[in-house]
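As structure tokens, here come the structures.
One chain, subunit A, links the two complexes that follow: it is found with subunit B in the first and with subunit C in the second.
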Partner chain A sequence: MMKRIDFSSLIGFFVGVAISSILVLLFKENPGDVLKVLSGSFLQSKFDMGLTMFYTTCFAFAGLAFSIPFKAGLFHIGAEGQIVLSAMMAAVMGIILPESIGTFGIILIFLATMVLGVLSAQAIAFFKVYKQGHEVVVAIMLNFVFAAIATYVVLQNYQNTESQNPESSLIKPAFQIAKSDSLKVFFENSAVSSFLIVAVISCLAVWFFETKTKWGLEIKAFGENPTAAERMGISAKKVNFLALGIAGFFSSLVGLTEVLGSTFQYKVGFSPAYGFLGIVVALLAQGHPIGILFSSFIMAVLHKGASDLDLETQFLTRDFSKVLQAIIIFCVAGAVYLNHRRKKS
Partner chain B sequence: MSELNLIEFNNISKNYGSCVSLDQVYFSILKNQIHAVIGENGAGKSTLMKVLTGIVPPSSGAMVLRGKVYEPQSAQDSFREKIGFVHQHFQLADELTGWDHLELVARTQNIERKRLVDLVREKQAKFKWSLPLDKKIKAYSIGEQQRLEILRVLILEPEIIIFDEPTAVLSPDEIEDFLDFMLDLKKQGHTLILISHKLNEIKKVADHVTILCRGQLIASDSGANFTIEQMAEKMIGRKQQALVQAASGATGASYDLNLIGLKLNNNEILGVAGVDGNGQEDFVFKLRQNIGLLKLKFGDISEDRYRYSIYPKQNLIENFLIRHRETFTRLGLVKKTLVRREVEKIISEWDVRPAESDMIMGSFSGGNQQKFVIGRELWHNPDVILAAHPSRGVDIGAQEKIHQALLDQKKNHRAVVLLSSDLDEVLKLSDRFVILFKGAIKGPYLKGSLNSSQISQIMNGVDL
Partner chain C sequence: MSAEILLGLILASIRMSLPILFAASGGYFSEKSGVAQIGLEAYLLIGAFTAAAVSFQTNSLVVGYVAAALVAAAFAQIFNILIFKFKANSIVVGTGMNLLAMGLIPIVSKTLFESTGSTPAIDTSEAALNQSLIMVSVVTVLMLALCYWIAEKSSFGLQIKFAGEKSEALTSVGISPIKRRWQAVTLGALITGIGGAILSTYLASSYSPLMSAGRGFIALAAVIFAGWNLRKAWIVVLFFGFAEAIQIQLQNMNLNVKIPNEFIQMLPYLATLVALLLLKNKQQAPKEIS
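Let's turn to the complex of A and B:
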């Protein structure tokens, strides 16, 4: 018997859309119109498309940050904190490094941000391996800790004096490379940048990593049967630090996409919970790295559409659009879960 | 049709895709008998029981129960028809107490709490059991877990009880008790269906024997009409082969096991006997530790396949690759094409069925999983082989093959440590053996130096 393609998440997706439509009817709105806004708002202009591509980029990285630890049997919900912390690092480096070092400065920003991303994720592994903490509890708490650190550092030292919003000043012009990015220019200076290409390559690379490399196989084996994996000489320590380290790496890429690719500054609260939406993206794709590319696009379209709902409709607010998203997510997760149970019995 | 026919199978067939699992099987089960269904792995025994209990529908054919057409749609239907199923792998939750498990059953079947208490007391008294029902499952011995499984079925007061490989996990004493228990159940009017490989046990208790081979009915007749040898031949479709013992060659290297000065020669099988739970875990742990220190190549046929040897959701290639990953890795990349060839060699050498290297491990039957694991663990010509319960839950044909493979390893100057709770297996294969009792290692004893009553005394802690 060959593996068959599993459509359960797609079915769940459509069920979720159907339930949301009923809810919309109760609010005296036309579900057809709402669906049109939700699914079509990204097509309105090149700028809107660019914004959707930007969301796709962030969701894809966040999805990878969840899916790799998930393969190792870890439920990693700490990406949000790592994203915020690494974005702070990127912004701070972009502000304090002298412009005279040019390209070298950009490399330094990347390196510093990635290292911080990796370490901040491995903090979870540290508590899990050495202190027997549960990764979910540790990650939730670190999310708050990291967000607080980032906000404190930025507002105390690098607050943009020309703005009343809590945000850092812009990074030095020499580091704002994405300004002349051809993708960005094509999409009318939208938020999208060449990080989109990095995201596509990342998904392919992760697919390669999971199927063709020793470490990838070790992570998968450990996630499925830890006792057997340890008996075969795969160390739990190594798997935890490796899987979460990679996750932290992808979290840091979300931060870089935001700061170097889009806003060129750190805005407090810039993330619409990328880290948590990444969980949905990964589950929607059932952990398949190529699937994550597609599911992050679907989520991006929804996300973009949802933010337009309160402009385009009379009764629906932005908060309500979150309810719609939640229903769809719930149905997808439910369908996947039910399908697993059916297969087991 | 005789009135005594409790269940009739009329030409039951079951196909999974193009794979025929049951082919026109027909026989009947008489009331108040112990009816054994035997056959190799993949012969269709489990499928037949799944059909009977409504877990899977038959592709064609019909069943008659108590003279009426019987078409179960789900396991619930079979409960209602008073059919109970004691599974091979216990389906118990470690963190719950025995009582919790019983209450769960009672709740789904609408048995009131008071009635449940009475039922449990009555059943325990009947069989002189005293299960610690307020303790968590993890404090239960294997034998107690099985009793709880059985009790769970008994409180539904089934007329027909199916036992799937019930003695696979029990020690010799417990097996005797269990066989008596089955006879007891029969005396009280139950009809029992016993699925097993252990022919000597079947010979002892079964009134009627049905033999399946590759989905087809080979024979169904009164147990008195078969000898053990005849049953074995019919099951595997050929005569059993005698084991070829190697002449012990000159001693080469010997490994210091560092377990109270136990040395292991590279041309012997060292048996480790003892009732489960007498320090086997610790023994294996120390053995592995010392082999690691000596940097020897190790063939690890582990004591618990599900826990230590397989990844059920990954296919055979990945299951092989993860074990021998160092051999097939260059610069961190694995070479899957080379692996496929090796896996296919193991599949044909060990007759793993179905011969699909891309099928996930969990879809194979237990016996085929075990064959693959053994093939994998012997693939790299290890210096020292641990064979812990190597033939637990596998059929005679495979058992024969496994035993021969262990003897061949010995001939090829490998050291084999054979740990088994099946005393016959230890005595049959090993050159020397030790006995574990409460963590202590007694022996080693040379083959044939003790008679069976001496051995059982040592197993029970008497110092000779």
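Let's turn to the complex of A and C:
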């Protein structure tokens, strides 16, 4: 049986872009020029392309971190805190581990960061399962707490003494493996790294997980009807901890992409709200893991383009990317509903 | 000396808690009517920017406050239309509202003042500051009285609560719960917008980027921490204001034992989580909240 592909979110996306372009007129700019900057800036050079690929990587992981709990009926807006916390962990490990342990050190960095990512997300599940705390509220609180902890740890103990900016010192050279990353070298030492390949594999793996494995199907079943799922013997506790654990795992990959794949340090405020951008990405793809790959690329292009608006236009700034995201969120949310209603009638 | 410090601390606590007080009161009505409200941050920012810009242009605080309230309420209609007409998820849209406010303000600011940063400072002469203090006092007392009356004494407040708890009951007496929710969200945005005005014209003398600094989320935390009880929420807000005041006090005091800023900043959030851990889980949330 061929499943009809649901294009409503794509329609919502284009409506959103159209509305944003009209909005541009209010600020005395030419919508055509703005669209050209937004969509074309990533093509300017290999370096720009690489940067867009880097954003794509982070957005895809963040999108997965949102979409999997969403399947279980959880609205997960805690990725931002987990990303920041795990980036801190990766940087700290990269600084304190001795270089002599070589590859083993890199494995340790990965493990420690991933474990922290998983646990920090499961903290939400803990409050949800045992204390009936609403996951959104708990996640908001944890986002602030984790950001404060990360900033504190980095600035108090690992501040880069050669820099005025709030950032950690660089991780040990032996752990800066991405420096010789062929993908990075090809894109003129841009931010992109082999984590892009990990992201692509992750999307495929999640697609397999959600459609073919028992756990994946349990998450879906629980999300669609918790009461029925529990009657069938699917434990709410397990689904919550599992779905959020996987989300935390992908959040930690954003942190690793940043620290091991790009900057080799923890910069306070490095994240342009990846956690929230992940929501947009996942909504745009309607939670489909392969779709997330495409929607994260589209969002990355827009994000990269928006950062050029400062230079290319008189009144618009990079902040326009937030406006664009918001309007796309609104239009996609609206379009999906309209489509469901049309199907019913 | 120590009495002076204490008095200063209490006054500072009240000052710092004002924007959160307004946002929490505004958030209370929305949440109570059954609409989860994480867009308070947006209304605070919009209110703060509008008040600073309008007060600067018209040289009148009163006009600034009124504009802040109205613009925030108008802004909330985007939220309302998406939630009630397009049945979108209130948390998705709330996230979008925050993004929209954060993105729109710098662009409007650049168009109006050729600066994405702060708006030009308003009048800070002695007389103007006194006027501002009187203005804030009057508005705050009025707001508290009005919110208390609406929430506890008026039939409108009762209907808002019914919209969040048992909407069929409202429908059966011929009142549309959607309408009450719509009004509750609008009222909430209006009140929160005034909180923003206080933030930019009383606690500061201009709008600076992202000046709400998570106060909208703290306000939401206060409402939840207080178990969706208005008066308890106000007390919680005072506590959060105290945490902020003490943070400023400590920075000025050069203590031997340094308490890191980050820890004091995360106090309200940590407190909310600890409360969740320790409190008995009475299901106090409005039943139909979504």
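The definition used in the following text is that the second predicted complex is superposed on the first by the 337 of 345 C-alpha atoms of A that agree within 3 Å, B and C clash if a C-alpha of one lies under 4 Å from a C-alpha of the other, contacts with A are read in each partner's own complex, and residues count from 1 in each chain.
The working rule: a residue touches a chain if its C-beta (ideal position, glycine included) is under 8 Å from a C-beta of that chain, and two chains touch if they have at least 3 such contacts.
From a predicted model like this one, the values you see are computed outputs, not experimental measurements.
Participant: After the alignment on subunit A, I want to confirm one thing: do subunit B and subunit C clash, or do they fit together?
Facilitator: They clash.
Participant: With the two complexes superposed on chain A, say which partner A:Ala221 touches: subunit B (first), subunit C (second), both, or neither.
Facilitator: first
Participant: According to the stated criteria, A:Val15 is in contact with first (subunit B), second (subunit C), both, or neither; which is it?
Facilitator: A:Val15: touches no partner chain.
Participant: More residues of subunit A are touched by which chain, subunit B or subunit C?
Facilitator: C
Participant: Check the residue A:Met232 against both partner chains and state whether it touches subunit B (first), subunit C (second), both, or neither.
Facilitator: first
Participant: Considering only the touch criterion stated at the top, classify A:Gln132 as touching first (subunit B), second (subunit C), both, or neither.
Facilitator: second
Participant: Output check: A:Val268 vs subunit B and subunit C. Expected answer is one of first, second, both, neither. What do you get?
Facilitator: In the superposition, A:Val268 touches no partner, neither subunit B nor subunit C.
Participant: Of the partners subunit B and subunit C, which touch A:Leu35 in the superposed model: first, second, both, neither?
Facilitator: Touch partners of A:Leu35: none, neither subunit B nor subunit C.
Participant: What residues on subunit A does subunit C touch that subunit B touches too?
Facilitator: Comparing the two interfaces on subunit A, one with subunit B and one with subunit C, no residues are shared.
Participant: Could you list, by residue number, the parts of subunit B that touch subunit A in their complex?
Facilitator: 17, 55, 300, 302, 307-314, 318, 321-323, 325, 329, 332-334, 336, 356, 358-359, 363
Participant: Please give the residue numbers of subunit A that touch subunit B in the complex, ascending.
Facilitator: It comes out as residues 1-2, 212-215, 217-218, 220-221, 224-225, 227-229, 231-232, 234, 345.
Participant: Given the complex with subunit C, which residues does subunit A contribute to the contact?
Facilitator: 27-28, 75, 77, 127, 131-134, 136-138, 140-142, 144-145, 148-149, 151-152, 156, 276, 279, 283, 315-317, 319-327, 329-330, 333-334, 337-338
Participant: Looking at the complex, which residues from subunit C come into contact with subunit A?
Facilitator: Per the touch definition, subunit C meets subunit A at residues 36, 38, 78, 82, 86-89, 91-93, 95-97, 99-100, 102-107, 110-111, 116, 214, 217, 220-221, 224, 260, 262-263, 265-266, 269-270, 272-273, 276-277, 281, 283, 285.
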